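Below are two complexes that have chain A in common, paired first with chain B and then with chain C.
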Partner chain A sequence: MKKSLFVFLALLAVFSVGAQDLIIANGAEPASLDPALMTDTTSSNIGFALNEGLMVYDPRTSKGIPAMAESYSTSPDGMVVTFNIRKDALWSDGTPVKAQDFVYGWLRTLNPDTASEYAYMLTMVIKGAAAYNEGKGPASDVGVKAVDDKTLQVTLVGPAAYFPDMTAHHAFEPAPKWAIDKHGSNWTKPGNYVGTGAYILKEWKPQDYILVEKNPKYWDAKNVKLKSIKYLASDNSTTNYKMYKAGAVDWQVGITVDLIDEIMLRKDYQVSARFGTYYLSVNNTRAPFDNANVRKAFAAAIDKKTLVDKVLKGGQIPTDAFTPAMVGYTPQPGVGYDPAAAKKYLAAAGYPDGKGFPPLTYIYNTNEGHKKIAEYIQQQLKTNLGIDITLQNMEWNAFLDMRSKHDFFFARHGWIGDYLDPNTMLDLFITGSGNNDGLYSNPKFDAAIQAAVRSSGDARMKLLMDAENLLLTQDQAFIPIYHYSNQDMIDTNKWGGWYPNPLGYHPPKFIYKK
Partner chain B sequence: MSQKLNSAVNEFNQEMKPVSLWADAWKRLRRNKMALVSLWVVGFYALVALAAPFLPLHDYRTQTLSHTNLRPSFKPAGQIALEAVEAQVILLQERVDAGVESLKPNLERTLLEVESLKAALVNDPASKNVYIFGTDYLGRDMLAKTIYGARISMMVGLIGTLTAVLVGVIIGAISGYIGGWLDNLLMRFVDIMYGLPYMLIVIILMALFRKEGQSSIVILFVGIALVSWLTIARVVRGQIISLKNSEFVEAARSMGAGTGRIIFRHLLPNALGVIIIFTSLSLPSFIMSESFLSFLGLGVSAPLSSWGSLVSEGANTMELYPWQLLAPAIEMTIFLFCMNFLGDGLRDALDPQSKNRT
Partner chain C sequence: MSKYIIRRALSLIPTMFIIVTLSFFLVRFAPGGPFSSEKKVTEQVLQNLLKKYHMDEPLGKQYLRYLGDVLRGDFGPSFRYRDSTVNQLIAQTLPNSMMLGTIALSMALFAGIGVGIVSALKQNRWQDYLAMSFAVVGISIPLFVIGPLLQLILGLKLRWLPISGWITSRDGWKTLILPALTLSFPYFAYIARLSRASILEVLRSDYVRTARAKGLSERVVIGKHVLKGGLLPVVSYLGPAFSGIITGSLVVESVFAIPGIGRVFVQSALNRDYTLIMGEVIMYSLILVTMNFIVDIVYGFLDPRISYK
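After this line comes the complex of A and B, so read on.
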């Protein structure tokens, strides 16, 4: 009897392990699975399994490739884009995907009541979207229209050539009106969730894991190879790495900085440049950071190169700018490391040698890597400016909440581009942007960005460069540290369809076991 | 000899000094070798922790980034760093030769580091530093860090234990001896405090009292003090209840001793064994709960550290840099062991019932 029970349990163990094709150590607990509300990479990694927009990120290049849209056409002046939605596109509950679902989804993102932090992404490009989002215009004036069930027409503010790429982002995903009307904010729970993606939400154990299973109604289901994926929620990267080494995890998102000397020698360590920036957010509306000289003093007091070379060692690029270099766009110089200049800036702000500087706390989300950087910055400020700051780590959701409510002075921040264009970086700092946590506001900067949307080619890039110059060299709205690198642990000899790419997005529909 | 009014007389009619409870206890403690050694060790820890600012240590805050993750050694740091980096060069060279292009920049950077370390051996006085406990991930001296960590941890243990003994014993004794409605009231209050999750109390305190730029360590002490006395109050109450009807209490009461005298002179010395065992056992648990709070970001924050935070940091890099875990862990273990032996010895020494044992 005992023996048969043992055999049964062993079989059960084998099956329950074999049941997930891919196990991902995804970092912290996701903040939200609602496409209109997700802002962090932890949530959006799962979002790529559950939902699909008009386009999907190409796993090699991060550019948009048609997904829910079969094809699209742009009017000769570049102002109107028409998407043709797939005839066979279905929601996970079997309802056909209609153009109206996109109109509903986008208007929902824009609706001021939804309070989507990504609404600005739509308002920057779609005609009438800004007015509706600010409560100054009706929803009917927003330039998105369902011509018929399968044709979506979008009118833009200017000839934004990058617009189709943008629609791969979660903020542009359709939303299931019937499910949201029925369940309210509970619609993202397992059982209630209706999505367009290759996977359906099966199980969600908070602070533990999220399990998704293949969606048989997905239009491209025959090309989806993995039957199920498990996303583990754990922000301890050392534990994640140990699980990875033990074979309990197939893909670790991010690495543990502590063990970089060992990790960099491994064959399955994937490292590549990433289109994003790690920076320190400062609250521009609160003293002492309402003074540009204080911000510049901080920027000049931190030796970023030593940090990257001696502590992080993971392919990051130290920077004084925000937008990484790309074709046609030269990063702006910004304020570089210079302790003598830092002291001068601080003295000009009225705190010679740090005297009289108010007590200050730097907040960051719990993670060994962020902790090291925080301690490094603390010591740099002490040595170069004579300022003592306190460090405080916080749980991911509490941290996001505090930061997005602007209830902080000095906080860790990072930004990964959503599409390959300087706009995805710079739009962050326009007045009223949902991700402008430091409340930077300069009408000249806003005007330059607005003007860039209406122009194109080199003139547009020139406008954007000038805007960044204003943002950094003049105002120093925040303190850039380094450009991210993608660092993942995954054995690409075992897993196919996973490639290093600039945005670091890996839609799971492409991943397969070799 | 006439000036000694209080002197007693023994059975041979010789004058002798009265032996107080404490002198007696001390005599017996001295006979217990383990306890005595532990007392010396704990004393040494306390001395080092108190004198830390005057000891010839490296500053625990100084980050020497060319000396990160150095192994413990009596050799100058510059040499150790050079050895470590040269070993890394060989490993990197192997991987690059095997065709891993992505490591090339790392190799180049590491080669440059070899050069700069060689130059530093001559020019930089910092390369003569000796780190007998090694260094951490930002090139800080582990010896200084563990000593300053000991300060915080011992302070947490001390504050927790002191409040536990002072508040817990008094409340427990009063509640047990007087009984009735007062006992009910006090014990229900203890029940309520028990019911509140400890974490919640600390988090609420943080939310209420925390100021921008202020370290949370004071709030942590208050939080630990608030809940530390609960268990001991109950234990003491139980002891007192079981003793309060015994003959010696009857005798004291019949001779007209007041409540305070009975509690403090007659009952508590008899409960001392339990109190001391409990105290010596709860000290480690205060140190542990502090380390858990630090991990959650509610305890000490950098550049200060405690044994708990040092161990949790060290555990992350256990395979590569074991000394970062071992240095604080061994130091902490020795301290806790000694506290236990000392507690054991004190119990034997102070317990009136063990008087006739040798």
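After this line comes the complex of A and C, so read on.
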């Protein structure tokens, strides 16, 4: 009886899988499906199905490839980029996609009333965008113009070579004015949603799932293979992994860190370097960390390779630099692991063998992974420097509050780049930057970053390398630990068009069943 | 009686007012805010956000504005789920938790009372020991152990039941079984112990001795006199239990991926989603005070010793 019940249920499972082509355990309930208001990858993962900007992320490299724009040209000085919008590009309701839709969408993202958290992606590159977003300049001064229905002209603040790639980001997507005017904030609900993407929003059951179906009006619909995709909102990674193992989920975004020993042996475990860095923030304005030798001693005392290989085991890449390596850019590291040197630095700072070192607390947000790292660091500092530190875990918001008020000595920090360029990493440490929690300040560093904005090509990369050299090699403003990894569960023997890539974005238009 | 009911109903108003006021200020004292994130927004965007949600105004003014909105039944927009209002979110998730909770509590009630009666009547015999050991296990093993264990055995290994999901999935009503079973477990255990203890107490009471002395059959003694008195504590427990169970359990909803309000409630607190926290606190309090109110009235009908004036 039990056996036949099992067979029946198994058959039922096999036959009903056809209902959705691809089922994704997306990790959480998306915060928003409005491209201007999305802030998390949970939302943007779905956004990539519903909308497409001028460019789309190449599923292999995370670079931009033409999407709504079929081509673009850059003025000789690199300051003006002109996009030619596809003649056959349509919104999901059949309206032709016009350059004006991009102007409207971008100005909407920048409009202070929209209060878009990703507006900074536009303000940092587009002329006049910052002033408009800050309420100091008119919308008409923003450097984005519709020359005609199919030509979009963008004026930049500097010759940013990475700008066309950036336009694959959701903050640069067009917006359907007619739908937003009609439905207000409900325009992202099923039935109201109008998008440019390969899929249309069919159902949205909050905290349950989102179902999207192929958009027949999409310009490249003939190359879109999946009929429908279901994004599950389940936030329990252990449950998601069980669902994955049972075949009820095809792709699990993220993994169950606790089960890494089992997971790392599986062939369908996808791990790749991610464009971001885990680091230890130190308050550069407070003793003992106002002394560069102390910062260097800490950097030299922590064996990051062993941490990654023996403790974390999640494909992270140990690093002494902040910016991940990329074409044309060689990362400039700080001090590497060297216990003998660590002792010397500490002695030079006036604390031989850790004697007289003030009591120190390391803060991190409550999380098993962060805890393991904190305990490892505690043990390394004890062994290699003779320093005892106290660990303190905190609730996420309380932690962020303390760190952003600079009311800490030593804290966990992480940063994920928004586009593939050193700029998205190094910008962080400009004097007064909102995310510069450790209050690093070096006028020469600031000058190098500012100069890079106005230059291009190799000269620009050189300036950025000089900046990182000041930041880490000379000043050791913080302690880099590792570059993040993307971790997913998906069987690439079964699913094609899905590749590990640096930003971890996987536009579903490329995914197909083998 | 009706006078009592009216007076009791009116007293709910100041109770709710105090709850709204206290929670409005308390949530704002928690460190951090709804717009904190690892990637901090620029100062200007933060100002834009605060302005959009009237959080740039003095706290007193915000409070009065909020009170006005609540009186009109408008809980405002969610700070975290920016495409939705709090009303929409509650309307979409609360019914799911209510349904699951009602099923789980009904299961717990029937099984718990049944087991409680048997245990009491067979006190200190093997049936009693078996049932009470089971109840101790039920009370002491946390849901986050029971849930994943059931999932592992019945879902992943034997594949009899879906691991997680909701009735909207292709597995339909079968998705309800494991979460309802898990959720009912501690309630079942508690009700079994509670009914056993109170039935034992009633069995020793004078009026039961009188009933037996009158020569009534054991069936009538138990059915008419013992149970009526013996189950009163279960009735008073039902008020808070019902309001607790239908407003969702974070653990069960997370483990079984149920689109209920329990998950939303905890997330909203972690996200400092002020309006969503407030909306849920108000809903929860309303349900709780209403349930207690109902229990009080039902009590009057069940217990001859109580009369309302």
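Keep this in mind: the second predicted complex is superposed on the first by the 311 of 514 C-alpha atoms of A that agree within 3 Å, B and C clash if a C-alpha of one lies under 4 Å from a C-alpha of the other, contacts with A are read in each partner's own complex, and residues count from 1 in each chain.
Keep this in mind: a contact is a pair of C-beta atoms (placed from the backbone, for glycine too) under 8 Å apart; a residue touches a chain by one contact, two chains touch by 3 or more.
In this text the structure is predicted, and so the values were computed from the model without any measurement.
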Query - Dominant toucher of chain A (residue count), chain B or chain C - result: C
Requested in this report: Using the touch definition from the top, say if A:D34 reaches chain B (first), chain C (second), both or neither.
Outcome: second
Report task. Using the superposition on chain A described above, determine whether A:A119 touches chain B (first), chain C (second), both, or neither. Result -> second
Query raised in the report: Which partner does A:V56 reach: the first (chain B), the second (chain C), both, or neither?
Result: neither
Query raised in the report: Touching A:T366, do we find chain B (first), chain C (second), both, or neither?
Result: first
Query raised in the report: Is A:T390 in contact with chain B, with chain C, with both, or with neither (first, second, both, neither)?
Result: first
Query raised in the report: If you stack the two complexes on chain A, which partner ends up touching A:K205: first (chain B), second (chain C), both, or neither?
Result: second
Query raised in the report: Which partner does A:T238 contact after superposing on A: first (chain B), second (chain C), both, neither?
Result: both
Query raised in the report: Which residues would you name on chain A as touching chain B in one complex and chain C in the other?
Result: 238, 395
Query raised in the report: Any idea which chain C residues touch chain A in the complex?
Result: 30-33, 35-45, 47-49, 51-52, 77, 80-84, 88-89, 92-93, 148, 151-152, 155-156, 158-160, 162-166, 168-170, 254-260, 263-264, 267, 270-272
Query raised in the report: What residues on chain A touch chain C, complex-wise?
Result: 2, 5-6, 9-10, 13, 16, 19, 29, 31-34, 37, 39, 112-117, 119-120, 123, 133-135, 185-186, 188-189, 205-209, 232-236, 238-240, 242-243, 245-246, 248, 395-398, 400-402, 404, 413-416, 434-435
Query raised in the report: In their complex, what parts of chain B are in touch with chain A?
Result: 61-63, 65-66, 68-69, 88, 91-92, 95, 100, 102-103, 105-106, 109, 137-138, 211-216, 296-297, 301-303, 313, 315-317, 319-320
Query raised in the report: Given the complex with chain B, which residues does chain A contribute to the contact?
Result: 238, 256, 258-259, 261-262, 264-265, 267, 271-272, 306, 309-311, 313, 315, 358-361, 366, 368, 371-372, 374-376, 378-379, 382, 388-395, 409
